[in-house]
Each structure stands twice: as structure tokens, then as C-alpha cells.
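I've put the structures underneath this note.
One chain, chain A, appears in both complexes that follow, with chain B as partner in the first and chain C in the second.
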Partner chain A sequence: MFTVKELQKIYHFGTESIEALQNINFSVKRGEFVAIIGHSGSGKSTLLSVMGGLTRPTAGVVLIEDEDLWSKNDCGRARIRNNKVGFIFQFASLIPTLDCLGNVMLPCLFNPKGLQWANQEKAQQLLQIVGLADKIHAYPNELSGGQQRRVAIARALINNPILILADEPTGDLDEETEAEVMKLLLTNIRQHQATLIMVTHNLHLAQRADRVLQMKKGKLQ
Partner chain B sequence: MRLYQLALREIGRRKIRTLYTASGIALSVALLVATILVGSAGQKDLLLTIARYGHSLTILPATTMDTSLQSFGIGSGHYIPEEAIPSIRTIYDAAIKTGWERMGGLVLQSGIPFGGEQQIQEAIFAPRLYEETNVLDRRVVVAGVDSVAEYQTRFWWEVDSGNLMNDPQEVMVGKVFAAITGVKVGDRVDINGQSFKVGGILRETDSPDDYMIFSTLPTVQKLFGKQGLVSLINVRAMCNYCPVGDAELAINQKVVGVRATSQREIAQAQHKIFRNVTHVILTLVGLSLLMACMAVFNMIMGTMHGRIREIGLLKVLGASRWQLMRTFAYESIALGILGGLIGYALGVSIAFGVGPWLLSGAIIELHWWEPLLAVVAAIMTSLLATLLPALHTSRISVATAFRAQ
Partner chain C sequence: MTLIGLAIQNLLRKPFRTYALALAVAIAGGAVFSTATVMWGVERSLDRGFSKFGADLLVVPKGALVGMKTALLTGEPSTFYMDLSLADRLRTLKGIRQVTPQLFLTTAEGSHCIIGNAFLVGFDPHNDFTVLPWLTQKLPREFKLTDAIVGANNPYQLGNSVYFYGQYFTVYGKLDRTGIGLYDNAIFIQIEKAYELAENAKKFTDVAPLGFAKGQISALLVQLERTAPVNVVRFSISRYPEVKVISAGNIVTSVRQNLAALFTGTVFLSAVLIIANILMISAIFSTIINERKKELGLLRAIGARKQRIFQLVIVEASLLTAAGGVFGVMLGAVLMRVYRRTIGFHLESLNIPFLWPAWSDITLLALAAITLSIMVGIFGAMYPAVAASRVDPYEAIRAGE
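Right, the complex of A and B next:
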């Protein structure tokens, strides 16, 4: 179970204050796919960032499997992110010095319990699933935008996360690749009973979600 | 893959910047290595010289109250009989042997103590007879010397022109005397009614020797009717650790009519001055390392800023602050090793290139610990320079990191 309670985020710019999130409350069950839609500036990305432990909320609680994310210190949040959360960003987010395999295995590097050989096998499988079996040793600069996005998805899944936070994961992909990526994500959450929370402008994608949450001026409608 | 591999890949990605940063460390390390190599070579050369020639002792007639040029005892009738030299030598050797045994040293041969790293040679007794006379219408001191013993005790002697005195029919003149009178090698000078050929001109020594005329001891003794007499005896111990003070005391106590004066302090002072100069230079090198540290700090700060989004990404993927710090430390160590090795090679080149020019006769020697010291100094500099940027960057929030670019 993933829960946010009375979430609030206020940004201060000099004397001005902007309330990006106002009293956000919702819960998501394991295996559920939730889409968050809304206009630009409505607070979708801020909400995702707070839920992932990347931006500290002004008030409120984020519970991942009953663990209060924001009561942990930096190290504790890093461990939760590493063990339980998978991120997919809207920008290309690969390390240029690592090949596809290295990028996919990157979260395992920060996991003290990670077994290198087991992770390598799983990384290869994931790259095969995302259709990049022949690009295992290719570097990011040798990949197209869509291929980079697929590597990022494989990386988000390597640690079997129970929560996947995706920010416009198919933003710059063609329809065919978009369908493949969505199929991959949905198959994964069904198989591992993971929760997928996806921020998107794409209503067609949102319609495939179990639940759609609409954000408007920092509030859930 | 491990954290250090991630760090090495990052180093490999920014080759030019890495080399540029490492060169800052390398230059300071090179200076450190060169100073240590040249400094220790110079110090060793000085110590070897002191060890080789040892401390000196001057034995004068007891009535002579001063060892300065004005008080040779010239014309005062105060001399040491030449025949007393063997008995003085016996007393000297016995005192050195006893003193050496008291200090726990081994004596392999009678009168020749053995110790330290070098074979200790027998002390050199160099007698001198001084007489004052007119040469080329100038009052000058003519010194009769035992040429072999004299060259051993005055090892710094070099000729400006001609050759060192070795012929009883030739004289060697001091540089200042030659300059004042205009005599040249090959000229003839009359001394006490006898003509001598100028065989050589002594290079300036900044000592009373520059004003003198030198000839062999028997020649001067005969010339001035002082057969069997000497004005003083210079004794060079040829051993750095010999208890010259004991010999000084023994001679003063046992030989009537002479006074022995040790010059051990001069050698010690020379050593101390050299050591102090080395310390000052090392301090300056330390400061240059600190400056290198600041330069590297700036470069690393710039590099970190350029990588802030990647660092944010690593945090998102679960890297703790400690893991990030470790990654930066590995990068820093790699940078230090690179800078240290380049700096060591550069420092050795500088030492071999400049060392012999700075200190003639100094032999640069390499030791196993020097590259280690260079690398450790470079790593410490690099780590120190990385510490603040690493702390700052690892603390930055992910959201800030993503907003940064």
C-alpha cells in the first residue's frame, strides 16, 4: 500500500509564496496503475518528486509499505529509493560513461545486498525485454532517444520496485514504442504486484490506468 | 561493477580536464621531489666531505695567543720543532683510540678507528712554516708547506692558472697577491735572494692564503734558516665521528709548549645551516602544495558543478551520501596517483638536470620511498582539495540537482 496524507508543498520566492501542493490525500494498492493528469504547472511533477523522496514536502506524510519516507534521513531515503522505488524521468537520464548493461545495473551498485552475477543476468533479460538485446554494450551516445528511454525503464525495474514513479515515460516515443513500453510496464506491475504512478499529458495513456487523478492548481480534483 | 570503477570511468571520460587537474598537483609534487633529492644529495655530499676529512685541529706554539694571520708568531721566535710531530701524532692517535673505544667503536688497526659507513683514514698532519719578507717591494708571508699533506687538508684548493705547487724550484702565489703585483705563471720572483719560477696561481679562497706565497717546507726552512721548525700544524681528522676534542685535550695536557685548538664547531655550523636552508625550502614547497590544493579545489568545484545532474541521478537511484563521497574519494585518489607519478618523474628530471648545476659534486640518489612519498603527498593534496566540493555536492538535494541544468 502506498499512501500520501495531507501533503503540502510551498515554494518561497523572496516575499512571494507559491503553494504547489495543497492537502493531497490518496492511497494506491499494490498492483494498481494510477495516472496523474493535469495542465503544466498544476503540481504533477512536484507531487511525483515528493512521493519519490526527492523534494521535501512542507507538510504531510508519504508512506511506502507503512514506512514514513520523510521521517528518514538522507541515507534512509536513499535506501528506500534503492530498494522499493523505480524512477522513469521525462529526460534522458543515463550515465554516459556506462554502457546499457552498466546503466541498467547502476541501482545494484548502491545496494549492498546486490549480487553482481544475478543482477547482470537480470539486466540482460530486461534489456532483451525492452528490445535492446543487441545493444547491451552500446553507450548512450550510440542510442536513439527512444532506446535511451527503454534503457531507463529497464533500469527502473532492475531492483523489483514495489513503486514505479514515471514522469511522461513515453513522451518522445513513437506510437509503436510507446505501446511496447506501456505493455512492459503493465506486465511488470501485474507480475510483481508493483504500483505504477504515472504523470502524463497523454489522455490515451491515462485511459489505460486503473484510476486517474487530476491535478489543478496544486489540488487533486 | 564497483564504485571505484564508476569513478575511474568518470576520470577516463574527462581526459583533458583530468590531465589539467593532475598537472597542478604534479608541478607541486615535482618541486617537492626535486627539493628532497637535491637537498639530500647536497646534505649527503656535505656530510661525506665532513666524514672524509673530519674535523680539524690547529696546533700552535703555546706562546701564540691567536690563530689569526696577525699572530703567526712570525719573527717572534716561537716555533714547534718538526721532530716533535711524531710524538704529537702518537698522543693524538692514542687519545682518538681511547675516546673511540669509550664511545663503543671498533678499532681494527692501531690508531685507525673504524666506524660508521666509511673506512676511517689516518689523520693528516700538515705542518706550515710562515716567514715574512719583501717580494716585489711588498711585505708578504711566505708559507712553507708539505705539499701532499697540504692538498689533503685543504681539499678545496684549486689553481686559477698553472699547477699546484710540487717543485722545490717553483712557488705558488695567492690570487690577491698575484692581482696586486701582476705576477703571472712562468714569471720569476726573488725571495730572500733566491729566484723562483711562479708555477701556479691559487684560485681565490677568501682566506689569508690569497695573500701568501707557497713553497715546499724544506725550501722555506732553508731559505730563512729555520731548518727543523714549523709555525703551526693543521691536523685533519679524516673522520666525522672521531673524538677530536679528546685529542685536543690530550695534546694540551701532555705536550709542553704547544696549544691545540679544535674547529669541530665550524663543521657542525655548516651542517646546521644547510639543514635550516633545506627546511626553509621544504616549507616553501609545502606552501606550493597548499596552493596546488586550492587550484585543484577550483577545478574540482567546476567539474562537480558540471556533473550535478548526474550526481542527482545517482542519488535518485539510491546512492547514499557516503557512497557518493566514496566515489569522489576514488576519483581523487586516482587523480592523486596520476599527479604523483607525473610529478615524481618530473621532479627526478629536474633534480638530475638542475641538481649538479646547483651543487657541484652532489650525486642525486633515488630511494624506494621517494615515489611513495610523491604519490602519498599528491593523494593527500587531491583528497584535501576534493573534500569540500564533495561534501557540498553530496549534500545537494536531488530536486536542486535536476533544476541545476
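Right, the complex of A and C next:
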């Protein structure tokens, strides 16, 4: 279970204050796919960032399987991000000096258990699942946008996360590739019984979600 | 893949920038290594030369004070003389253990000597305690009146003949290198023979007479009893109005003063280079962090702690400066090897004795220079690394979108 309680985020710019998130409350069950929609500046991305332990909220609680994310120190939050959360960003965000295998294995580098042979096997399996078995040693600049996004999905899944946070994961892709990537993502989410929370502008994509949350001026409608 | 592997790949991303930075560090590291090696060599020379020198005090004729220091350091003879009988008088003083005389004379250029301006020293082998301890090579027989012992800088080999003032001498022995100019450059003969040469010189019409008479000497080298206070004995000797007393420590101080004058500039330059390198690393790594903000944000998002990001930047800078340090040490070693004779000659011309440090010391200095280079990387990257660890991950990832 993933729960957000009375979440608030206020940004201060000199004497001015902007309330980016106002009293956000919701819960998501394991295996559920939730889409968050809203206009630009409505607070969707800030919400995703707070839920993922990247931006500290002004108030409120984020519970990932009963673990209070923001009561932890940096080390504890990093561990949760590494073990329980998988991020997929709007742009692929791959490390250009690492090949596909290196990029997929990257989260394992920050795992307390360290890199293990099993990680490499798993990364290869994931690349096979996302249809890039023949591109294991290709570098990001040798891949198309869709292929890069598949690598990012494989990377998000490497540590078996229970929560996947996706921020416009198909934003820059054509319709065909978008459908392919979404199919891949949803298949893997269902298979691993992970929760997917996706921020998107795309209503067509949102329709495929189990639940749609709409944000407006920092509030859930 | 490890953190070090990731750092290496980051460095290889822009090879020109990496190589240029490493070269700048190499220049500073090489300068520090070379300066330290030469300074160490001078210190070693002072320590080795004057600790084994054996004499605590030098008693010289009044007026020969400066000349004597020069004589000891470079082997340029002094032409002031005093009476040998002073040696016996000094032996009666309390606190003095041994006294040995030395007589300095130059050879003449021309048909009466086979070499140009050699520095001849007459010494008394029967009560010597400063020359013979350096004798490492010698013929398997007693030291005779017609024998000579040569300093390490002389080209002669054992058994060679040398010719001074119409007299042949057999090279009986060769001294180990001392770092004291007097001992390294001189040819030692028995003092009695030196008086004979002075008599011979008078017979040659084309040679200026040697400026001393039988029974005159250039210096008395004095060794004190172990417990004797140097200043008290020095004061006792100073009561003889015709002499001046120099302590071996004074000579070391004088050399150190020369050394300080010579090396202040070099040490200052090295310090400036190191500080400039720290600032340069700091500025360039700040740029690098800015360029890679998005990636750093991503690393944080996938589970990197702030500390790991800090480590990544520090490791990257340390690897770069370590490589620069290693290259600098190699560069310094090659340049010192190529210019080794020039360095020795230049220092000796400045009255600074010099011996190359032992290999073990050079290795230590090389390691110290590489460590210093690594420290340059760590200090230089400290601020950018802290800034990198404080990057707001989500802001960084979304930058430019």
C-alpha cells in the first residue's frame, strides 16, 4: 500500500510564497495503475517528486508500505529509492558513457549489497524482455528515442521496485512507440505486482489507468 | 562497474580537457618533486659530509675565515698560513681530543705539473681523523711519502701517476664522495712532501713560488672530547690572536643560508603552482558539475546517497590529479637525469654541496609528490563535490525540459 497524507509543499521566492501542493490525500493499492493529470504548473511533477523522496514536503506524510519516507535521513531515503522505487522520466536520462547493460545495472551500484553477478544476469534478462537483447553493449547515442525509453524501463525494474513513478514517460515518442512502451510497462507492472503512478498530459494514456487523479492549482480534484 | 569505473568513464568523456588538466597538475607535481629532490640532495650532502667530517672546530689564520669556508665547500684553496706549532699548543687545551693540520696549495700550469689547477692538500696521516675515514679504495700496501689520495671528483684511478712540481706521485687511494668540495676535488699528499714541493718550486724560474715556508699550515682541524662544551673550547682557542675559529655547524648554517636564497624562489613558485592548480581544479569541476547536473540528479533518484555523489566527484578529481602527479614525477625524473651534471655543477658554483639522494629517498619523494597531487585534486574538488551532493535531484533532472 502506498499512502499520501495531508501533503503540502510551499515554495518561497523572496517575500512571495507559492503553495505547489495543498492538503493532498490518497492511497494506492499494490498492482494498481494511477494516472495523475492536470495542466502545466498544477503541481503534478512536484507531487511525483515528493512521493519519490526527491523533494522535501513542507508538511505531510508519504508512506511506502508503512515506511514513512520523509521521517528518514538522506541515507534512509536513498535506500528506499534504490530498493522500493523505480523512476521513469520524460526524457530517457541515460548515462551517455555507459552502454545499455551499464545503464540498467546502475541502481545496483548504489545498493548496499553492491554489484553482483546475479544483477548482470537480471539486467540482461530485462533487456531481453524490453526487446533489446541485441543492443546490450550499445551506447545511448546509438539508440532511438523508443529504445532509450525501454532501457529506462528496464533500469526502473532492476531492483524489483514496489512503486514505479513515471513522469510523462512517453512525452517525446510517436504514437506507435508510445503504445509499445506502455504495453511493455504495464505488462511488467502487472507481472511484478508493482504500483504505477504516472503523471501525464495525455488523456488517451490516462484512460488506460485503473484510476485517474486530476490536479488543479496544487489540489486534487 | 564500480564507482571508480564510473569516474574513469566520466574523465574520458572529454579527453582533451582531462589531458590538459592532468598536464597542468603534472607540471606542478614535477616542479615539487624536482625541487624536493635537489633540496634533499643538498641536505644529504650536508648531513653526510659534515657529520662524518669528524672535526668540530676549524682553526684558521686570521683573514682566512671566508676563504676557509669556500675551501671546504668548493675546494678553492686559501692562501693564508699559520704556524704548525699551534697544533701542539692546542693539544694541551682542556676539552680537545685530537688536532690535525692541513696545508693547501695549488698546482702550477705548465711543464712542472701534469694537470692544470689541481687543489693539493698536505695532511698528516699519522694523526688524521678527517680524510682517511673516507678512503674506500686503496692499494693493498702502506701509504708512502710518494703516494697521493684523490677526492671522488678526480679522474685518476688507483696506481696512476700524477706529477707536481717535478715530483711523481702514485695514486694510492680514492675517497668516497663526501659532498664537501675540499674533499671531493682535492688531491691529498703527506704534509712533509708538501714542504718538499715548496722547496722544489723555488728552483723553477717559470713558476711563482708557493707562498708558505716549512712549518706553516693552512688550517687545524680540531675534534673535541664528547662532553666538552663547544663554546668554551672555542673561547679558549680564540685567545690566540693570530687565529679564527669556525665551527662545522657555522658552515652548515652558511650553506643553508645560500640554499634558502636559491630555493626560496623555487619553493614559492611551486606553492603558487599548487594553489593555482587547486583553483583551476575547483573552477573546472564546478563547470563539470553544471554540465552533468541532470546525470547527478538521476543518480540521486536511483538511490545514490549525497555522500556517494560527493565521493564520485572526489574520486574523479583524485584520479585525474594522481595521473598528473605520476606523469609529473616521471617528467621531473627524466629532466633531472638529463641535466644531472648541470644541476651538480650549478649548485657547487654557488658554494652549495650536493649529492644525489639515495634511490629509496627519491622513491619516497616521488610518492610524496604524487600524494600532494592527489591532495590538490581532493582540495580542488571539495567545493564542487559538496555542491554536486546538494543538487536538488528533481530540479536537475527536469532542467531544460
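The criterion applied here is as follows: the second predicted complex is superposed on the first by the 219 of 221 C-alpha atoms of A that agree within 3 Å, B and C clash if a C-alpha of one lies under 4 Å from a C-alpha of the other, contacts with A are read in each partner's own complex, and residues count from 1 in each chain.
Rule of thumb we're sticking to: contacts are C-beta pairs under 8 Å (C-beta built on N, C-alpha and C of every residue); 3 or more make two chains touch, one makes a residue touch a chain.
Bear in mind the structure is a predicted one, so any value in this text is a computation, not a measurement.
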(request) Look at where chain B and chain C land on chain A after superposing the complexes, then choose clash or fit. (result) clash
(message) Quick check on the superposed pair: does A:203 touch chain B, chain C, both, or neither? Answer first, second, both or neither.
(response) neither
(request) Please work out whether A:59 is in contact with chain B alone, chain C alone, both, or neither, and reply first, second, both or neither. (result) neither
(request) Using the superposition on chain A described above, determine whether A:102 touches chain B (first), chain C (second), both, or neither. (result) both
(message) Touch test for A:1: chain B only (first), chain C only (second), both, or neither?
(response) neither
(request) For A:81, decide between first (touching chain B), second (touching chain C), both and neither. (result) both
(request) Give one of first, second, both or neither to describe whether A:90 is in contact with chain B, with chain C, with both, or with none. (result) second
(message) Under the contact rule defined above, give the chain A residues that sit at the interface with chain B and also at the interface with chain C.
(response) 49, 52, 54-55, 74-75, 78-79, 81-83, 87, 93, 95-98, 102, 105-107, 109-111, 155, 159
(request) Quick one: which bits of chain C touch chain A in the complex? Just the residue numbers, please. (result) 1-3, 6, 9-10, 12-13, 294-295, 298-308, 392-394, 397-398, 401
(message) Taking the touch rule as given, give the residues of chain A at its contact with chain C in the complex, in rising order.
(response) 45, 49, 52, 54-55, 74-75, 78-79, 81-83, 87, 89-91, 93, 95-98, 102, 105-107, 109-111, 115, 155, 159
(request) Could you please specify the touching residues of chain A with respect to chain B in the complex? (result) 49, 52, 54-56, 74-75, 78-79, 81-83, 87, 93, 95-98, 102, 105-107, 109-111, 116, 155, 159
(request) Provide the residue numbers of chain B that touch chain A in the complex, in ascending order. (result) 1-3, 6, 9-10, 12-13, 310, 313-323, 397-399, 402
